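Going in written order, the chains are labelled A, B, C, D, E and F, and every chain counts its residues from 1.
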């Protein structure tokens, strides 16, 4: 890739890679949302509001999930590609 | 995953930027539709458990309403916290 | 889009949108099938036939799932795009 | 989701209709393969629980057979009911 | 497809089919991995090593999963397209 | 699923083989990223259960480390056995 405009093949790969990264982030966000719902939200749904306990549980859950993501990333040599 | 794979797209011609924007639009549409399916599955599973009739009773219906509202609030809160962490905003314990 | 043939860009977006809608319907059907199996089907699988109780449970489960889909659609302003 | 996003494709040239048909074919193939994986996972999970040998015993095998048959019948029934609802056929309780 | 080079349309379909088959294999492998983890691995994670029981459970689990895949394939007329 | 749908690609021109290789690369990248998300979700679910603080405690952290290591070893073993079965290597019970 040193100097010159990228070839068509390189461009396709770049677009493909960008797409995969976005899919990865969406997937991460969806799993995070699902997992923290499972861990924090009372399932009988007696109220339409999140109560204080649920709100602080969500904040901590997201924070810990983030740390696990980073920790696992380190273990894999900071390469998302396992 | 600290550094984005997308770093060097800024220098690209206008045509490629438009293509990238279109791709992002498409992924967001797909994501919204999946979220919608997710919400329905989740609230159905939590709120509907008897199958003696084929219409929702009042209790099930209001459970679904509350569940949907909570799900959306939950998603928004997760989204905010997630964005903060992505931008490296540190907050005390 | 008023008058004239669609441009290539518009065409691509239309195809993309059509594809996303079909994916959405397939995803909905798969979740519905999975969820109603979970709710209605006896898991030891002693028989190869669905019994009467299972059959009527399936019918009602599909009907109620459909109603939940519509109800949630209304709450989101009848926009599937949340 | 009442109105289809696909409404205005009828007026398109032949070439685009063929492309659309090919896309539908591809999605159906993907869907069938996923259904197959789904069925296998579901019936394995329900029927196989001991790992003292590496081959299925008679009981596990017949459980899988019954499970697969029920799964297919279940899917067909869900598909029929789903199609009726999509076409707005109303039925009494 | 008798004689002559494939048309563009045929080529696209072939690539599409190849992609779907690879997706199918990846999906199968992921479900197999997930399911056998659920069935065989002790969840408290007291050790970083798989013990002998877990290892032989994995081998048998993969083997039985494979048999179920084949059995179901036969029931469906050896057509993955149900 | 015994016979591969890919059988007759060998005779294709160089250009198509390159396109096929690029497609395989893309699918592998997607698969690796999904595996990474999978591992994180699995080990978070198994190891983190209290939310009184917003940082992992020592015990949770070492549980995640062990879980990740086991997950990878598990995946590798499954991959080896799976490959053997795909190649038709038979082994005694």
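Note that contacts are C-beta pairs under 8 Å (C-beta built on N, C-alpha and C of every residue); 3 or more make two chains touch, one makes a residue touch a chain.
These are the chains along with the protein names UniProt gives them: B, D, F = Mitochondrial import inner membrane translocase subunit.
Please read all numbers here as calculations on a predicted model, not as lab measurements.
A.B. asks: Select the chain at the greatest separation from subunit C, using centres from the mean of Cα atoms.
C.D. replies: Farthest from subunit C by mean C-alpha position: F.
A.B. asks: Of the pairs given as B-C, E-F or C-D, which one copies A-F, with over half of its contacts the same by residue number?
C.D. replies: B-C
A.B. asks: Return the chain whose centre of C-alpha atoms lies at maximal distance from the corresponding centre of subunit E.
C.D. replies: Centre of mass proxy via C-alpha means gives B as farthest from subunit E.
A.B. asks: Using CA atom averages as chain centres, what separation in Å is found between subunit B and subunit D?
C.D. replies: 25
A.B. asks: With centres defined as the mean C-alpha position, give me the subunit A-subunit B separation in Å.
C.D. replies: Between these chains, centre-to-centre, one finds 11 Å.
A.B. asks: What is the distance in Å between the mean C-alpha positions of subunit C and subunit F?
C.D. replies: So the centroids are 29 Å from each other.
A.B. asks: For subunit E, write out the residues touching at least two other chains, lowest number first.
C.D. replies: 17, 21, 23, 40, 59, 63, 69, 73, 80
A.B. asks: Return the residues of subunit B touching two or more other chains; collapse runs of consecutive numbers into ranges.
C.D. replies: 34-35, 43, 47, 53-55, 65, 69
A.B. asks: Can you check the complex and tell me which residues of subunit B touch subunit A?
C.D. replies: 1-2, 4-6, 9, 16, 19-20, 23-24, 27, 31, 34-35, 38, 42-43, 46-47, 63, 65-67, 69-71, 73-75, 77-79, 81-82, 85
A.B. asks: For subunit C, which residues count as touching subunit D in their complex?
C.D. replies: 11, 14-15, 17-19, 21-24, 26, 29-30, 32-34, 36-37, 40-41, 43-50, 54-55, 58-59, 62-63, 66, 69, 73, 78, 80
A.B. asks: Spell out the residues on subunit E that touch subunit D in their complex, using ranges where they run on.
C.D. replies: Subunit E reaches subunit D through residues 9, 12-13, 16-17, 20-21, 23-24, 27-28, 31, 35, 38-40, 56-57, 59-61, 63-65, 67-69, 71-73, 75-76, 80-82.
A.B. asks: Across the complex, what residues on subunit D touch subunit E?
C.D. replies: Of all residues in subunit D, those touching subunit E are 18, 22, 25-26, 29-30, 32-37, 39-41, 43-45, 47-49, 51-56, 60-61, 64-65, 68-69, 72.
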